[in-house]
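Consider the two complexes below, in which chain A is the common component and chain B and chain C are the respective partners.
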Partner chain A sequence: MNRRLETRPGEWIDRDEPLKFSFEGKEYTGFSGDTITSALWASGERILGRSFKYHRPRGILSLSNHDVNILVTDMEDTNIRADVVNVKEGMRLLAVNTSGGVKKDKKRWLDRLSAFMPVGFYYKAFHSPRKLFPFWENVIRKSAGLGEVNFNYPRTIKTKYHEHCDLLIVGAGTAGLSAALHAAKCGIGITLVDENRQAGGSLTYDCAGDQESKTVLRNLLDEIKHHPNITLLTGVYAAGYYTDHYIPLVREDGITNMRAKAVVIATGAYEQPPVFRNNDLPGVMLGTAAQRLIHRYSVRPFDVGVVFTANDQGYRVALDLLEAGVEVAALVDLRKKAASPLADKLLQLNIRILKGYCIYEAIPTGDHEGVKEVVICPFDESSGKPDTGDLVTIACDGIAMCAGWAPAAALLYQAGVSMRYDNTVNQFVPNKLPKGVFAAGKVNGRFDLESRLKDGQRAASEVLSMLSETSIKVVSEPHEGNTPSHTFPFVPHPKAKNFIDFDEDIQLKDFINAAQEGFDNIELMKRFTTVGMGPSQGKHSNMNAIRILAKIRDLPVEKIGSTTARPFFHPTPIGHLAGRTFHPHRLTSLHDWHQTAQADFIAVGAWLRPAYYSIAGLSRDDAIIQEVLSVRQAVGMIDVGTLGKIEVHGPDSALFLERFYTGGFANQKIGSTRYALALDEAGVILDDGIVARLADDLFYLTASTSNSAMVYREMQRWQQKWQLDIGLVNVTGYYGAINVAGVAARKVLSKLCKASLSEQDFSFGSIIETVIAEVPARIIRVGFVSELAYEIHVASQDALTVWVALMEAGEPEKIRPFGVEAQRILRLEMGHSICGHDTDGLTNPLEAGLMFAVKPDKPFFIGQRSLQIIRKAPIRKSLVPFLLDHQDGMETPKECNLVIAQGDIAGRVTSIAFSPTLKQAIGLAYVSPELAIQGGSFLIRTDNGSLVKAIVAQTPFVTSQIGDSKK
Partner chain B sequence: MKILHCPINGPRPISEFIFGGEYRTMPDPDTCSDKDWADYVHNRSGGPGVKKEWWYHAPSGTWIIAERDTGSDQVMATYLPNSITKEATHE
Partner chain C sequence: MMQTKETIVISDLSHLPRVGLKGPQAADWLIGKQIKVPEKPNACRTSGEGTLVLRLGLSEFLIEGQTDQLTTNKVKTSLMEKAPGIYPVPRADTALRISGSDTLRLFSEICMLDLSPESVINEVYMTQVAGISAILTKHANDDFRIWCDCTYSKYLQTTLSDIAKSFSPMNVT
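Moving on, here comes the complex of A and B:
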């Protein structure tokens, strides 16, 4: 059956572009501009989906992005919202929530069992007997949720944009367009967004059978075009409101984060359904849904319709239906007294108007695919009861429902607006708005066309005065006349199936039951009944739920309050939120060289560092072992340009370091370095490094790669407190650094450096400023990874020159680069701990064995006072080096495995590695003090539960290898 | 996303800042009791109200003090730690 109307002015479809698609295996045609739903409805389809819980057949409800019973999949994306997503040529679509097709859904039988599955049924029915729960859990999990995730989803990159504007207007309906035009005259930059494909809001469909709305809209849009300072974005929704007017705008292909100086929320209102038995049959739809079908897609909603209304909107809908050629069998008005100004017009057209009547129930066709007829009867508004003594049947194949509105106030709630219930419109309206947030139009309780236009101007004038632009103050009058929303459009029926929430199949009686069970607070009722927890987030159900609860508790609606609709306003794809994969990393000036040398990189703090250099034919582990052995047997070098590097200048430099670090620096000799340990005020280890004195008033210090930003930051903070005569310069990026380590390190370096590197002239812990490979350098004689090692600091741009020169000079000694993995093993062989690896957020220097670096009798250092207190109590754990007593087939412990003594936790492993030099596993572990006895042993529980014996050892694990090379 | 007014850099998004905890005055470590020192180091008042807080503008390396109502998340004023005159923000 073809329900497409003749070409109509203002329709959203392009008749010159027909397209083909399939739904549930059947071929259909539609037009470009059709949504999936409108194309199917035009082709005569009725059952477009199955309901979530009872698998009842469902058709159109809203046609405005809350028809969540009509979710389809194209086998790539799932849960496509057919009511708003445009159909495309060649689409092959299936309904998501069916078992064996939407028409012959095998789960139809659930509907007949619905009486046994009231809300709360799951909570109560399945927890005993306990042993059956896994069975039921499996069944329930399979029925829960909609759609199936496609794990082969193609990776798409969605760019995130950031924009600023003076005024953001959300909603390009009457009030939004009017606000934009009024504000635009002052020249401010305005962005106007609307989730629909075209601007205009209700002006595009709510016509009451004449052309006035469309003329008004055409004039508004013509005027908008003349303002270059208005950017109109359609097909874009504002997904949430975040602090200081920061609003994510969701496009089809990504998100634009908009920062505005002011926001006008002109989001309108959602039409709310009256509630009667079988109000969910295909063919029963909201009045505005019928209007959208007619005016946007030129589709006749049904052939013979009944309008069930509880406000004046139904009269407008009836006139639109008549204009589209629908026979209106009756207009059933729940209200006995209120008279619509359009009633006379309908009476002149011989339309039967039944005032003070309700639809008692809709009777389905034999195949249950649609409406056969409606049963109506008088309705007593004061008691809320139908008079079933006088039932009348009217034949029809569709029902348009109008009962009232709920403000689309999600963004307002998120912005912290307090709402009040306005009895003239029977709706929540903004009461107190935070600075820079404004509301206009239906969301603000203005319904007539004139008052919506005026309210937009009023909001714009308030925006302009806030932005200190001159503007004439506009006032908009509150609503007059019949209330747009009915207070209680609910028709009880002993056989129920009168739905409140179409997402979750919640009926009128479910609320009454919930209240009887004690869930009579809106938040509790929401959770017990799950009203508003479906994909449409209560857009068509929350307001009705509040009204029912108000009635049950005999309280005014404002005393019930409302739940908060949280971001996102509509479901937003995760890919949109992720945006582009963007992890900024710092690279050293040697990065390209590492890459050419087949380095495998890992992220360390903000940096990318070579983990190791891969060698063809060698496994990762073997390559690392080769790197370790080259240092022990000859010479290796590592890029340590990632170390934090800070210069402290000025007369108070030594005093500053004495306070910041635990050690002594006042008497430090020029040309010497000292190990430095930094604590926080609680005496917990923050970081360690090396402090070199280059002059009386100049220190050069290093901090560990991952802590360097924090160390510099904390130095800056303490300097703010102390106000010493110093200057701090973070030279981390300025200096590159190379560590040359191993028994042959001196031999290699001597070839490039004129200064004497002998043990007497350049002993451990010294720093010299010299020239290497014709580049000025600071060289420190260090010992972190090897007993003999040099750390060469040169300007970043010179690092490559020095690195390459060292590679060449070291060729006879078979010098090789090594990465972070080898470095970790090498330092462990030397017995050195790493801050943040062998210490955690509670470790103090007593436990970590670092008291040698603490000078407790200084006047002050950070953490000093806490250490004094800590020292009064017995120590709880000690970091000890250990060797593994290896047996064949034994499981090797891993870092973080626990030390076990008498069945209790007595510590944990912080570092463990196989030492290629010793051919044995070595490590560091915290153990309770009684276990920290040299030569003693303790047990480590491995991942497989076995206990492995470890022997407390001495450091360094690797003994001196440079004795014979000492001069 | 919140905007914080840096006295040096002007209004900047909060993601550029690192929170540095409440600004508190250290008791004299030489004269205070162990108990008072432990209280200073370990205890924080979590109650809502106007607090002075350390905030670090990371890209420029600037520590500032923000006076913020932790109940309403309103920032009353921001200024440099060493400044005598407080610069009121636009909030």
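Moving on, here comes the complex of A and C:
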């Protein structure tokens, strides 16, 4: 059956560009500009989807993005919203959530069992026995749901742009266009967005059988074209409102993050369905959906229709249906008294108007593919009950429903707008708007064409006033006449199937049951019934849910309140949210050398560092062991240019460090280094490092690789407070650093260094400024990975020169580079903890055994007061070194495995590794204080559940360069 | 120099001579050396023909020689003698010039700031560019400069050229 109408003015389809596509295996033809739904409906198809839970046949409801009756898949993408996605040549589509096809869905029998599956049935029915819940969960998930995720979905980059404008207007309908034109006269930059493919909002379809709307629209759009300062974006939706007028605009190919000086929300309103039995049958649709079909896509919604209305909108819809050639069998008006100004026009056209009547139920055709007839009866508005003693049947194949509106106020709610319920329009409208946020049009309770035009101008004039632009004040009058929304358009029926939320198959009785169960608060009712929790997020159901709850509780609607509408406004693909992902990695100036030397890299903080250097014929673990042994037995070299490096200049530099770190630095000698520990105000360890004094007024300090940015930021923050006479200079990138470690380190370095490196001249903890390989350098005698080690700091541009020179000088000693993995083992053998690895966001120096670095009696340091309080309380855990009491076949614990004492958790492992030097596993673990006794033991639970014995040891595990152990 | 077909040109100017200093006396010290400094923080200006002076906040400066290194060498030499309230800031920047007709589009993807044609020229922005901290200056709507830590050099250049390539086929010269 072909439902396509003759060419109509303003239609969105291009008849010169026919398209072929398939749906459920059958070939169809549409036109460019058709949505998938409009093309299928034009071809005579009725069942285009199956409902979420009961697998009921579904057709068009809103023909916008306000319901998900029709979701399809093209086998690559899923949950494609057929109502709003344009059909493309060659598309091969299937309906989602069916078994065996949309028409012969094998799960349609679930509809017959619906009486046994009210909302929340699974909470009760499958709650016990608990062991069976996974089984039922699997059954439910397979029976109910949406499309299946394609895990092979191709990765396409969705772009994210950042843009700015003076005024963002959301919604290019009557009010939005009017606001844009009024504001544009002052020359400000305006961006006007609309989610539809074309601008105009309801002017594109709500015509009431004449051409006035389209003429108004044409004039508005013509005028818009003459304002170069208006950027009109269609097919773009404003997805959410964030602080300072920051609004993501979702395009088909990405997101534009728009920052505006002011925002006008002119998003209109969602039409709400009246509720009666079988109001979800294919062929039963919202009045605006029927109008969209006619005016945008030139498709006749049905042949013989009944209009069921509870407001004046139904009369406009009836005139549009007539104009499209639909036979209107009757207009059933729920209201007994209200008189529509268009009633006479319909009566002149011999349309039967039944006032004070309702549709009691829609009767399906034998194959349940559509409507056969409607049963109507008188309706008592005061009691909300139908008079079933006077049932009348009218044959038809379609129903257009008009009951009222819900404001599309999601962005307003997110902007913090307080809303009030306006009884003149029976709708929530903005009450108090934050600065820079304005509302206009239907969302502001203005419904007549003239008042919407005026309200747009009024909002624009307020914007201009806020932006200090000259503007004539415009006032828009409140709504007058019949209320656009009915307070209670619900027709109870003993056999139910009168749906409120089409996404989730929620019926009128479900709300009554929920209230009886005690879920009589809107937030609780939402969660129990799941109303508004489907993909439509309540666009077509929340307002009806609020009205029902108000009726149940006998309260005015404003006392019920509404739920929060969170971003994003429509479901948005994750790829859009991800955008073009940025993964910044810092590389040292030695990176290329590492790469050539077959380094395998890992990310450490912001850096890419060599984990180890692979060697042909050796496994990863063996390569790491070789690197460890080379340090212990000869000499090794690691790139530590990733360390944070900061210079503190100025007369107050020592005072600054006294305050920032826990130790003492005022009396630190020039040419010496000290271990430094930084805490936060709560006494929690932030970071540690080395502070070297190069002059009275110059300190050079290092911070750990992962924390260096944070340390510098904290230093700047505290300096802002303290205002000391210092200069902080972050030289992390400027300086490269190389650690030469092992028994032969001095021998190798001496070949290149002009200064004496003898134990007497350059002892542990010293720093010298000298020249190495003709390059100025700062050399620090350190002991992190080995008792004999030197950290050489040179300008990063010179680091490669020094590195290569060291490799050559160390060749006789079989020097080799080592990576982070070997470094972690070497430092563990030395018994050193790593901040952020062996500490967490709650660890204090008492627990980590770092009180040696705290000078508690100095006047002040960050965290001092907290530490004083902590010291008065019993310690809860201690970091202890341990050796594994290893036996063959035993599972080796891993980091984060739990320490178990008397069946309870008594701590956790923070570091563990096999020591090639000791040839056994060693580690660090937090244990309860009673277990932290040297020589004592505790148990660690491994991943396989077995308990492994560990013995508390002493550090360093390795006491000399040749690998003697101190157990 | 990398360029997309008449849309984006990315020039690496890291080789230009550069010197940094900070401290409460830094502005007066530079003026005393006949170097013209921007009067307001977060601004830049040329001092003489061959030097770009960026004021990075109230008391920090970055000086870059554009055609010669006379000024930067003079400052470097002077900084070797300590002066109260003046601290040298060793610079190791990756410095890029981004130009071409699609420059604003590129920045719209990598930077949240309003760099539109109406935005101010010769201001210094300390901001995030493609997820990293950077100094940004706008000299014209199709002429921007970026300075960032040299350790991000490969990342930034790769990222910028990847985005530029997505605009149009790339020519690398």
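FYI, the second predicted complex is superposed on the first by the 829 of 967 C-alpha atoms of A that agree within 3 Å, B and C clash if a C-alpha of one lies under 4 Å from a C-alpha of the other, contacts with A are read in each partner's own complex, and residues count from 1 in each chain.
Here, contacts are C-beta pairs under 8 Å (C-beta built on N, C-alpha and C of every residue); 3 or more make two chains touch, one makes a residue touch a chain.
None of these values were measured; they are calculated from a predicted model.
In the superposition on chain A, contact of A:Ser796 is made with chain C only, not with chain B.
Residue contacts after overlaying the shared chain place A:Ala682 against chain B, while chain C stays out of touching range. When both complexes are overlaid on chain A, the residue A:Gly727 reaches chain C alone and has no touch with chain B. By the touch criterion stated above, A:Leu694 is placed in contact with neither chain B nor chain C. In the superposition on chain A, the chain among chain B and chain C reaching more residues of chain A is C. Once chain A of one complex is fitted onto chain A of the other, the partner contacts of A:Thr588 are limited to chain C, with no touch recorded for chain B. Legend: residue contacts after superposition of the two complexes on their common chain; A:Ile869 is shown touching chain B, with no touch to chain C.
Contacts of A:Met533 after superposition: neither chain B nor chain C is touched. Using the contact criterion defined above for the overlaid structures, shared-chain residue A:Ile512 touches neither chain B nor chain C, since it reaches no partner.
Of the two partner chains, chain C is the only one touched by A:His649; chain B is not. Once the two complexes are overlaid on chain A, the chain A residues touched by chain B in the first and by chain C in the second are 257.
Note for the complex: chain A touches chain C at residues 157, 159-164, 189, 257, 259, 580, 582-589, 591, 607, 647, 649-650, 727, 729, 731-735, 795-797. Against chain B, the residues of chain A that register as touching in their complex are 242-244, 246, 257, 681-682, 709, 712-713, 716-717, 720-721, 723, 730, 860, 864-866, 869, 872. Against chain A, the residues of chain C that register as touching in their complex are 22-23, 87-92, 105, 108-109, 111-114, 116, 118, 130-132, 149-156, 159, 163, 166. Per the touch definition, chain B reaches chain A in the complex via residues 1-3, 18, 20, 26, 29, 32, 34, 37-38, 40-42, 54, 56, 58, 61, 63, 73, 81-82.
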